[in-house]
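This structure is in structure tokens; I'll ask about it shortly.
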Amino acid sequence: MEFTLTQIAQILGGSISGDSTIKVNRLEKIQEAVAGSITFLANPKYENFVYETQASAIIVSKTFKPKQTIKASLILVEDPYASFTTLLEEYTKILSFSKAGVEEPSFLGANSETGENIYRGAFSYIGKNVKIGKNVKIYPHVFIGDNVTIGNNCIFHSGVKIYEKTQIGSFCTIHSGSIIGSDGFGFAPLPDGTYKKIPQIGNVILEDNVEIGANTVIDCATMGSTIVHKGAKLDNLIQIAHNVEIGSNTVIAAQSGVSGSSSIGDNSMIGGQVGIAGHLKLAKKTKIGAQSGINKNITKESSTLSGTPAFEFNKNMRSYSIYKKLPDLLDRIEQLEEKIITLKAFI
Amino acid sequence: MEFTLTQIAQILGGSISGDSTIKVNRLEKIQEAVAGSITFLANPKYENFVYETQASAIIVSKTFKPKQTIKASLILVEDPYASFTTLLEEYTKILSFSKAGVEEPSFLGANSETGENIYRGAFSYIGKNVKIGKNVKIYPHVFIGDNVTIGNNCIFHSGVKIYEKTQIGSFCTIHSGSIIGSDGFGFAPLPDGTYKKIPQIGNVILEDNVEIGANTVIDCATMGSTIVHKGAKLDNLIQIAHNVEIGSNTVIAAQSGVSGSSSIGDNSMIGGQVGIAGHLKLAKKTKIGAQSGINKNITKESSTLSGTPAFEFNKNMRSYSIYKKLPDLLDRIEQLEEKIITLKAFI
Amino acid sequence: MEFTLTQIAQILGGSISGDSTIKVNRLEKIQEAVAGSITFLANPKYENFVYETQASAIIVSKTFKPKQTIKASLILVEDPYASFTTLLEEYTKILSFSKAGVEEPSFLGANSETGENIYRGAFSYIGKNVKIGKNVKIYPHVFIGDNVTIGNNCIFHSGVKIYEKTQIGSFCTIHSGSIIGSDGFGFAPLPDGTYKKIPQIGNVILEDNVEIGANTVIDCATMGSTIVHKGAKLDNLIQIAHNVEIGSNTVIAAQSGVSGSSSIGDNSMIGGQVGIAGHLKLAKKTKIGAQSGINKNITKESSTLSGTPAFEFNKNMRSYSIYKKLPDLLDRIEQLEEKIITLKAFI
């Protein structure tokens, strides 16, 4: 993906000083920039790099006055840092959605439809009666089961598996290896010690703007739907069990797990390796520290908890600081016991 | 998958009141039922829904006397709830095994055989000298390595990877992304600080009726076999290391891990995110609370443990309740120390 | 893979007693050896098996004097155990690299090059501008994104996904389902409670001799590189976040996670299910016990820690032993309180 400085100046509403026909194909920090890259100068303490860098172009402030000659072309803007961030976002967006067309062999089942500007990578598989919107990017080795519906502007990276009947909104991204809609873990014990499988006939619903990391698993509901509400962001290797509901704009860090039928309120923040037991309800804006275990409802909004089982974060930290000194506490108790004996002898 | 009411009444041994030619294609709770679905009435407090529902058919008790007209057809049975469950199981079984035939392109290596009623999805790969029984469903992107043997009535969902020499019994289900037979984690330290790989030449054996969730990993044995005994059920994202043995009818919840050469007795229940250290032996019917860490043998059957390192569950809960009050305990010790000083001054 | 005894004797520098044309195709312990296998006798207490085994060949000491007739052929060597280990390593190496050629259909993008003795399995996908060295084994369903570079003698098992721009050295092995280069988990909160994605434009670098287990995830850097230095070994289901750096010859057990921008020193040993918070620096030769949580820098080399949050291992074990007796401690405090009251009454 290459851009001319003219294109970039247009995106940023900036002006060019130097060769405007130069092309750049990467964005880098000024300390690390190589030929072919565009970089920026925001913090004056990095100014020296401006004169030494191999970068092809540098975004600088309109008010910047060079003290030496500069090899690179300059793009002059109001706020170099903000401009670089804008460029980064624009670049990523273009790059993410740059794949298009159908690579062969790929599989498209009967009665399935895809919208305009689709990418279907080689070895991708789309089952029957699938409806897919426009500008959706389906990488190689993605599996989309029968009767799935998908909105617009979604990206499914290589190896994503979406079970039948899953419903996915627009602007969703799922990273490689994540599984959406596998069976919930439901088995009824029989008198002889064996287990009978409880049928799992529900589905998964991902609303708009949901992003899911790599190798995460979201099980389908036993009946009804497991739901991830709009704007929620899930990291890698997370377990979401059957009939769970994840609130809007809730973020969950890697390797956490939510057990069956629990719901997490909107705008919550769940740390890494957290475990949440089944059939619980967590209020909005709950914050849970990494590696904690939640075993009861959280009814108060904006609570912060930690520990296994978790309780109020500050209280846990206080208890833990004493836990670390338990040998000292034990000593003090033993000394008290001795002193009592001594005192008793006196009276 | 569509069924006529006549077919369903036959399965359930019930009689029909209304149009018996109606077709249904989904099962739903009466509160959520839409046109085309069959539902049931077991709890009288839901009776109102019977008159309002859009469902095409309702399973009701033979003794049910409607108070208003009902739009849906009725199937009259002895026990509506049990009948619905039967129907659910039958429906799931039929659905699960409904795929058949070979989709192209798919890969079948030399000297490999598959039994009748096989499904081999597009982009599935079967290596050399593989023996597969009848009624086995191999979804797209499944990999089956050389010299694997598989019994009858197994389902491997999209993206399952089975390394060479694995042996799988009958009636096994493996969900998407699970890996069976990857190398055990064995490296011998050398004097220069680097590691030399210890060859992992064993395999994995899954006995009959084993179900494995999504993105779980079972490593092959260093030599010999890693074994999951019959009827064991493993959830998602579980780690089973080399040479581990999982007992019959043992269930393990998501994100738990069992380290090398440990064995878990029959009919045990392991919670989520549990860690079990290596070279341990856990007795039958062991129950381990979520997030616990096991670092020694469990010799007594039917033990219940929790904590890291784990000990008897009830004792841990008692200790933990005091842990939460450690700041109070510290206060009381300080008060005692002061009182002792005061008392000393008196004598 | 079959070997004649003559071939094996050559590898081991041993001599043959018996039929040298016999072929063997598996290595087994003497207690478990079947026809067609080669085994060994190192420990004299297993000598009886030598006379009973169905093995086709046995590696024995040059000084071994049989007390009965032996059906199997013998290979006489200096040190039978060391010879068997050598044979095991040789066998595994040959086996691991035995696949060769290109199975169809497979996908090779424009301007991509592969070296001699490549294996590209059916349904493997290699993007554009990819450079791959010699003797590299790419199993079915592997995805290699655009602009990836790979050295020599690497093995990527079925279902490995390597995102664009990843750089991989020589002698690396990655097991099934592992994801290299997925987006880092970076989202900036906006005033309305939603999140804006922070572009992740960096990559992942795996140096030489890195081995990665199954279903592990290594995210790309936000900018720059996430780096796994040479000789590091990662087990299954591990999470390595963006911009992390794993030191040379560091081993990490299954289900552990390292948060963004943290670095782990060379020759460290991280237990299973460990969590390491973000932006931390761990000194060389750090040892961390299973299930621990690290929330601060570790500046002293060769530290051993455990607990959540982790502190010095021995101190934690001492505190934990008292934690288990907290109910007893509470009793003692209550007794002290009573005694103080009694004493007070006396004066």
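Note that the chains take the letters A, B and C in the order they are written out, and that residue 1 is the start of every chain.
Here, a contact is a pair of C-beta atoms (placed from the backbone, for glycine too) under 8 Å apart; a residue touches a chain by one contact, two chains touch by 3 or more.
These figures come from a predicted structure and were not determined experimentally.
Peer 1: If I superpose subunit B onto subunit C using their CA atoms, what angle of rotation comes out, to the nearest 5 degrees?
Peer 2: The best-fit rotation has an angle of 120 degrees.
Peer 1: Taking shared residue numbers divided by all residue numbers at the interface, is the value for subunit A and subunit B over half (same) or under half (different)?
Peer 2: Different; most numbers are used by only one of subunit A and subunit B.
Peer 1: Can you work out the whole-Å distance between the CA centroids of subunit A and subunit B?
Peer 2: 26
Peer 1: Mind pulling the residue numbers of subunit C that touch at least two other chains?
Peer 2: 105, 123, 141, 159, 177, 215, 237, 255, 273, 291, 323, 329, 333, 336, 340, 343, 347
Peer 1: Please give the residue numbers of subunit A that touch subunit C in the complex, ascending.
Peer 2: 26-29, 32, 88-89, 91-92, 103, 105, 121-123, 139-141, 157-159, 173, 175-177, 209, 211, 213-215, 231, 233, 235-237, 248-249, 251, 253-255, 266-267, 272-273, 290-291, 320, 323-327, 329-330, 333, 336-337, 340, 343-344, 347
Peer 1: If we count contacts the way the header does, which residues on subunit A are in touch with subunit B in the complex?
Peer 2: The touching residues are 105, 107, 123, 125, 141, 143, 145, 159, 161, 163, 177, 179, 182-183, 185, 187, 193-195, 197, 199-201, 215, 217, 219, 223-224, 237, 239, 241, 255, 257, 259, 273, 275, 277, 291, 293, 295, 308-309, 311, 315-316, 318-319, 322-323, 329, 332-333, 336, 339-340, 343, 346-347.
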